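One chain, chain A, appears in both complexes that follow, with chain B as partner in the first and chain C in the second.
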Partner chain A sequence: MSLKPPPGFFTILYFAGAKDYTHKEKELLEAPLEVNKLLDVLEKKYNGIGEKILSSCLLTVNLGYVDTTEETLIREGDEVAIIPPVSSG
Partner chain B sequence: MDAQSRIKQLRYQIADHEAKLATLKEQLLGLESEVSRKSLAKTAITITPEYTGSRIWPLHADEYTRYGRQMILPGVGLPGQLRLRAARILIVGIGGLGCPAAMYLAGAGIGALGMADGDVVELSNLHRQVLHSSEKVGLKKIDSAVMALKSINPDPKYITYPEHLDPVTALDIFPSYDLILDCTDTPQTRYLISDVAVLCGKPFISASALKTDGQLMILNHPPTPHLQQRNGVSSGPCYRCVFPRPPPADSVVSCGEGGILGPVVGIMGVLMALEAIKLIYSGSIKLENGGSLPSLLQASDSQSSLKHSMTMLTASGSGLSTFRSIRLKGKRTDCIACSFNATIDAKYLRSGSLDYAVFCGAAIPVSVLGKEERIGVEELSKHMQDSKHNSIPSLPNLNGHVLSSDHLAPSSPGRPPIIVDVRDEAQFSICSLPRSINIPWNVLQSYKNTHDDTDALLELKSQLKRGNYANVYTICRLGNDSQLAVRKLEQLNLGGQLSIKDVSGGFKAWKQNVDKDWPDY
Partner chain C sequence: MALAPESHVSLVSDPPNIHVSMTRSPLSMQESASKVKSPKAGAIVLFAGTTRDNFDGKPVKHLEYSAYEGLALKTMRSIAEQMVEKHSLIGISIVHRLGVVPIGEESVIIAVAAPHRQAAWRAGEETLEEVKASVEIWKLEEFGDGSVWRANADGCNKTE
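Let's turn to the complex of A and B:
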């Protein structure tokens, strides 16, 4: 689905409510980045996203989920996804 | 517990036991015929008994024909079909997800389908809730569903619970089912179903859909009892393991608010049926009434299917349609529902100590403006009428008072208002007020300064510059975003000399009190 990001970047995908909040399906962010620093980076770009979206979402790196408090390093070329719960049906 | 709830509870229990009894009888019949078949041939599956002219077949003649197309698949066969027929599945919610799921499960010959839903069919359901049809508007969804399902397949038993699920009902009815399908539409019910399924030791499939996105997970599979976890027996996560914190209530969007494409929720419902059918014929879940019904699949196959099932499938139907599988971890070691340290138990739930509405929070209606900063729809209508004719010297409001000068300052009487409609573009395209300007709230919200010029913003500025308008009014669907928009416009200084107000109650009130013909979308 997504092309490989250029050197020095990783791809971040926004699903459901995160897509609505950022008005983007995906974008490139600078790598490397600690997972627990990602929240600050996003909060700076999208005021209020921490409380509204990130506090309750699932965060994945390369299709495996990680805790936001983890000390995982996001490397260049990685694919990160923000997946908030969808509850309607 | 009061008498009414006790009566309700007893009714459920009786219905359940009766259904269970019927299934047991049917099973007995099935097994008896199996035994008689085995007595004819030592290895029932690999050696065909000699034809005697009076053989008893395990399935009815029609069933071989009805289910033949799925039975001839590798891995299904007669054992798979017998497992499907012995299975009992509970579908909670017969809406966008539940309808397609129920159709395929009924079609596949599931032995018993329980369905819980307290809603009635509405016209706005029909574009996606495929079991319901135009003539059924106003009927209970449960009744409408059973009618349609019986015409697809009269074989399964259909058991109905025409109410919204609460913890006590759920604890009473879950034990008699093998698998639960969560087809509901609120965070509260999702946590409730997960907690009760964990307590009753039932695997469940949770799916959801909104706008063009869908999610699907197989959870609490396998449902290992808490004590065994210490021995390193791996078991699947529950809903709380994946989403320990509910989303903030004011960020939860329903299909009525956010919209939903029929095929998106349809795909998710169909996928639920697919996963359910696979779990059952493959033998990877235990059947309450299935005894030791075998499966054609080897244990290693169902082990690998187990690994495969610890994923979340996300579907995205916008742009190029895509599916992705995200690996889920096992249980959280600190999960309050399913870990060794769980604090939620049946007694706790029955006592009502866990209030799911409180846990998930309630969306509080927006209230940021004072009374003097809001106008009613009648007042807006009058202002529009008066300024159209542009000949009335003063503007009495509904109470007969002449509006104070600062209400219209600095305009002279009869000047039209500037109307800023903050609904999104799609809703604006369905219906809008004459000469209103569309600046969607999510766009307005992101403006850092007024240099972010868009056509709508330019139009607003040019109207302000022309100076022959009175007041800026913001309006939206219900009267929430319009309040936030007033503050934002003030902050951006986009009212000029005019006062900025919002229209209380939005277009919902407009339809109710001013224009009966306004589209009800």
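Let's turn to the complex of A and C:
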């Protein structure tokens, strides 16, 4: 899970419902990318994911939560993750 | 090789005993309790969450947990540190099982040790609530005719 992506890419991880929707645990996307553009990139690849999945999810970059409305830049080598509502216990 | 009689007594307070982990093996209540045991503790509170055989009356075959392991461990450690600080705990252990958990087995065990019972009761409950609200673990309920990713009520749309 922590293998470094090749130059020019970042890794995005999908869990739970996001994994089921994309049929992937992870993939590589082109970097750099503004966090607020990520939704468009994913919507193009996975029609309907924004409303059905991402609207209830949080986003992390390198194990820290980020505000998707802020101008955070995802850089090459970063590990991004879609975090659906959690259900431990 | 003989130890001075006072060698087990420390004047500076020991660093709090913090254990967080995830495992695919069955959990042990005894092991969690032992991890936090201390001669300075007057109380150990142990919580075991076990997998239920139904969701609102619908039979559940088994549950399967998956995690964003790196982040889940980081969040568990942060909760443990906050609880130690807030309730002056001597020790805390949080362990969560991953993978398929058969019905009736433990999926999470929390153990806290404190000098007195009031702090231990409070910390035990608060730790569990924090874990359920924020640790990056997901539960899949397998019904036999389909499965559902469960969501803990307030894990949704939080901003932090």
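The definition used in the following text is that the second predicted complex is superposed on the first by the 85 of 89 C-alpha atoms of A that agree within 3 Å, B and C clash if a C-alpha of one lies under 4 Å from a C-alpha of the other, contacts with A are read in each partner's own complex, and residues count from 1 in each chain.
In the analysis below, a residue touches a chain if its C-beta (ideal position, glycine included) is under 8 Å from a C-beta of that chain, and two chains touch if they have at least 3 such contacts.
What you are looking at is a predicted structure, and each value in this text was computed from that prediction instead of being measured.
Trainee: Looking at A:P5, would you say it contacts chain B, chain C, both, or neither? Reply first, second, both or neither.
Mentor: neither
Trainee: Would you check which partner chain A:G17 touches, where first means chain B only, second means chain C only, and both and neither mean what they say?
Mentor: Both partners, chain B and chain C.
Trainee: Looking only at chain A, is it chain B or chain C that touches more of its residues?
Mentor: Partner with more touched residues of chain A: B.
Trainee: Quick one: is A:G89 in contact with chain B, with chain C, with both, or with neither? Answer first, second, both or neither.
Mentor: It touches chain B and chain C both.
Trainee: Which residues would you name on chain A as touching chain B in one complex and chain C in the other?
Mentor: Residues common to the chain A contacts of chain C and of chain B are 1, 15-17, 20, 56, 58, 60, 63, 65, 81, 83-89, listed in rising order.
Trainee: Which chain C residues qualify as touching chain A in the complex?
Mentor: 49, 65-66, 68-72, 74, 96, 107-108, 128, 131-140, 149-152, 155-160
Trainee: Which of the residues in chain A come into contact with chain B in the complex?
Mentor: Where chain A meets chain B, its residues are 1, 15-17, 19-20, 23, 25, 51-53, 55-58, 60, 63-65, 81, 83-89.
Trainee: Per the contact definition, I'd like the list of chain B residues that touch chain A in the complex.
Mentor: 93, 95-98, 183-187, 190, 207-211, 213-215, 242-243, 245-248, 251-255, 258, 260, 265, 268-269, 312, 314, 316, 318-320, 322, 324-329, 442, 446
Trainee: With touch defined as at the start, can you tell me which chain A residues reach chain C in the complex?
Mentor: Of all residues in chain A, those touching chain C are 1-2, 13, 15-17, 20, 56, 58, 60, 63, 65, 67, 81, 83-89.
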